[in-house]
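For reference, chains read A, B, C, D, E and F in written order, and residue numbers begin at 1 within each chain.
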Amino acid sequence: MATARLWSDEEAAAEPRVKAVFDDIRATRGNPFVNNFWRGLANQPAVLERTWASLKVVMAGGALDALTKEMIYIAVSTANGCGYCVHSHTAAARAKGMTDAQHGELLAVIGMAAKTNALVTAMQVPVDPEFQVGTGSERRGG
Amino acid sequence: MATARLWSDEEAAAEPRVKAVFDDIRATRGNPFVNNFWRGLANQPAVLERTWASLKVVMAGGALDALTKEMIYIAVSTANGCGYCVHSHTAAARAKGMTDAQHGELLAVIGMAAKTNALVTAMQVPVDPEFQVGTGSERRGG
Amino acid sequence: MATARLWSDEEAAAEPRVKAVFDDIRATRGNPFVNNFWRGLANQPAVLERTWASLKVVMAGGALDALTKEMIYIAVSTANGCGYCVHSHTAAARAKGMTDAQHGELLAVIGMAAKTNALVTAMQVPVDPEFQVGTGSERRGG
Amino acid sequence: MATARLWSDEEAAAEPRVKAVFDDIRATRGNPFVNNFWRGLANQPAVLERTWASLKVVMAGGALDALTKEMIYIAVSTANGCGYCVHSHTAAARAKGMTDAQHGELLAVIGMAAKTNALVTAMQVPVDPEFQVGTGSERRGG
Amino acid sequence: MATARLWSDEEAAAEPRVKAVFDDIRATRGNPFVNNFWRGLANQPAVLERTWASLKVVMAGGALDALTKEMIYIAVSTANGCGYCVHSHTAAARAKGMTDAQHGELLAVIGMAAKTNALVTAMQVPVDPEFQVGTGSERRGG
Amino acid sequence: MATARLWSDEEAAAEPRVKAVFDDIRATRGNPFVNNFWRGLANQPAVLERTWASLKVVMAGGALDALTKEMIYIAVSTANGCGYCVHSHTAAARAKGMTDAQHGELLAVIGMAAKTNALVTAMQVPVDPEFQVGTGSERRGG
């Protein structure tokens, strides 16, 4: 029950730009499974290409490792209430080695953050001056 | 301009339950600074105690290290739009060693996740069957 | 599985205030289909009446045409994570002539906006002075 | 720094439709203060009229008393991250008799709810069958 | 289709810490039903214990009665888009005596608040000075 | 008070990748003003480049005109509570010709959508079968 058509493997194979991205998803993941998100994006090859290209770069291990990045993704997806994304990225995190203990701690942090975010907002806490230095923001010139 | 009174150090020192928490915050952080969030919670000693106690436990390094937990906190606070929390936890993450490179990668993941969360929701992508196994959810008995 | 009772056509026909609104929905849309949202609101005739009356006025073509308004509705519903609303208003937009190309561009803008919203919030970007003029906000008198 | 012009008392007094609403706000509240929200809505008299008329009806004491309604409004405004609204409705609640003890308990519930909402979403908890009865939703006919 | 395993009654009965919480949930509610949320939290006994303990304290009648607290919970859960939570707490509110009339008024307030929250944010209404006094926030000392 | 350093014009001019983007922003907008968002992104030239490149493509007039796209951006930014973004894109929309009448209608739609989104979520309205056809979603093959 999507609002955009989900492309089947046959349809994808028949469109060069879509085929190229689906092939690269499979090659990168080492796995033939292409999830529904990409099948919906296939309706717009330019968006599909940009999104996959960005995701590959952004999610690769760097100063942060790939598993940490997936856990951050789960956290954002949870706060944004995207159920599909929570499923998808929890599966990805497990595939990248997330243990049940790590998942449990992740959930605890997410819950804690949601709680204090709400308390802060309800109290309209003003930003402490101590938090407003050290970023050079005052150095903006014209 | 908070909606709850922010307790000064003098006021806190005069209330045993509040003093105990503020002292523990200082001892735990190794730093005399107690930020405004705790000063607002001080109006309700029970909530102050519970929140600080939980935060200490949840944010301690375990299966996930303390810095990773702060970055997850930044991610959730961003998605929830809590500006105070973004300031507070970005400062905490830097205090725990977050480099500019790590911060930059964190921002990139947060931005990417927000984008794909929105695309998924706009397309109302159905959860793939492949994501629905492996958690024993079907084992719920009565 | 709603939390409020969904009124059937028979039940609606037996309650004058509800019947009046359902008849007007059908007449306005030129179509006998009354979707579940209105069937849930029927439990409160005053809310049903106010909501339908406002929707008719607000969604009519004016300085913005009716299709543009439906696309804005899809955008808000997506950001708010309301799946039912995304389905309902995407169907409405298609009924008002939205093409697949328009839908695709709408999705791309929604995704882009979600991403930059998140990056801005994570960086706590201060509002540029250039954005703070031209609305007469300083003219508030007492 | 609003994005819409905020009408001063002089400007409001010169526009009959706006004057009528501002006068009624003052009469209803028993107080000459008209807050900025209404001054921004004044740019669209129809929206101003509809919003004020609805608010008067919806917020009047009924099956729920007026103070309870203001506290619900604070809760929604907090979850939606609207700082202005939190300020405005907290002031309104205090004007309607909310005590510090009530405010404290309200905050605790808001924080708790935010936390469990997040935990539920992160775990993608399926709705228990026990929650799916008793609303007659299955009685929807055609 | 949860992302965390949902513990059955048999599994819960075999783990002392989990059994203790499930027994207390049943005793407190006077009802053998333990909903899925707790079954997912069971994977982390410490989080399960803390969450249940807090919920009991926070949701007990005090300056606000227990039913008012459930309605606030419904309001927050709605704004946060947590469908499971809306179901769960609407059922809890009904169990605590919420009438259809009260539920209807609650929905009307939630809808009104969501609307004005959005209008305020779109207009970026500045906080009135009148809202910035009376909380002693300026009394923060060092 | 940003959490990331905001690059001045001098700093930007000294970094080729950043200079290139700032020059293109100025050329594309026909205006020397580069707003703070880009100055914060400058810390990560790759993210700056990707974001600007995407924005240029996504926001150009196509099946939807450029002004319609800015209004959609305002709508998403409002729902996501990003004040900076609301300011920035309202200014952009005005620069692209948005009249006060159009702005007023946009606000009315945003407010209406927020309200019905909330009512739907509070009632947990099930998606009508009529909304589940016509997208070929059932055509997903393997």
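Operating definition for what follows: a contact is a pair of C-beta atoms (placed from the backbone, for glycine too) under 8 Å apart; a residue touches a chain by one contact, two chains touch by 3 or more.
Everything numeric in this text was worked out from a predicted model, so none of it was measured.
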Original post:
Which neighbours do chain D and chain F have in common?
Top reply: A, B, C, E
Original post:
If you take the mean of the Cα atoms for each chain, which one ends up farthest from chain C?
Top reply: B
Original post:
What is the chain whose Cα centre is as far as it gets from that of chain E?
Top reply: F
Original post:
Expressed in ° and rounded to a multiple of 5, what is the rotation angle of the C-alpha superposition of chain A on chain C?
Top reply: 120
Original post:
In terms of residue-numbered contact pairs, which of D-F, A-F or D-E coincides with B-E for over half of them?
Top reply: A-F
Subject >> Inter-centroid spacing, chain F versus chain E (mean Cα positions, whole Å) >> reply: 33
Original post:
If you average the Cα atoms of chain A and of chain B to get two centres, how far apart are those centres in Å?
Top reply: 19
Original post:
chain A: which residues touch two or more other chains?
Top reply: 1-4, 6, 36, 47, 51, 54, 76, 78-83, 86-87, 104, 106-108, 110-119, 121-124, 126-127, 131-132, 137
**OP:** Just say which it is for the chain contacts: an open line, a closed ring, a star, complete, or other.
**Re:** complete
Original post:
Can you name the residues of chain E that touch chain B in the complex?
Top reply: 1-11, 36, 39, 46, 50, 54, 57, 127, 131-132, 135-137, 139-142
Original post:
Considering the complex alone, what residue numbers of chain A touch chain C?
Top reply: 1, 3-4, 43-44, 47, 51, 76, 80-82, 137
Subject >> Sites on chain B touched by chain F in the complex >> reply: 81, 86-87, 90, 100, 103-104, 107-108, 111, 118, 126
Original post:
Where on chain C does chain B make contact in their complex?
Top reply: 74, 78-79, 81, 83, 86-87, 106-107, 110-119, 121-124
Subject >> Complex interface listing, chain C residues touching chain F >> reply: 1-4, 6, 33, 35-37, 40-41, 47, 51, 54-55, 58-59, 62-64, 68-69, 71-73, 75-80, 82-85, 87-88, 90-91, 94, 99, 101-102, 104-106, 108-110, 112-128, 130-132, 134
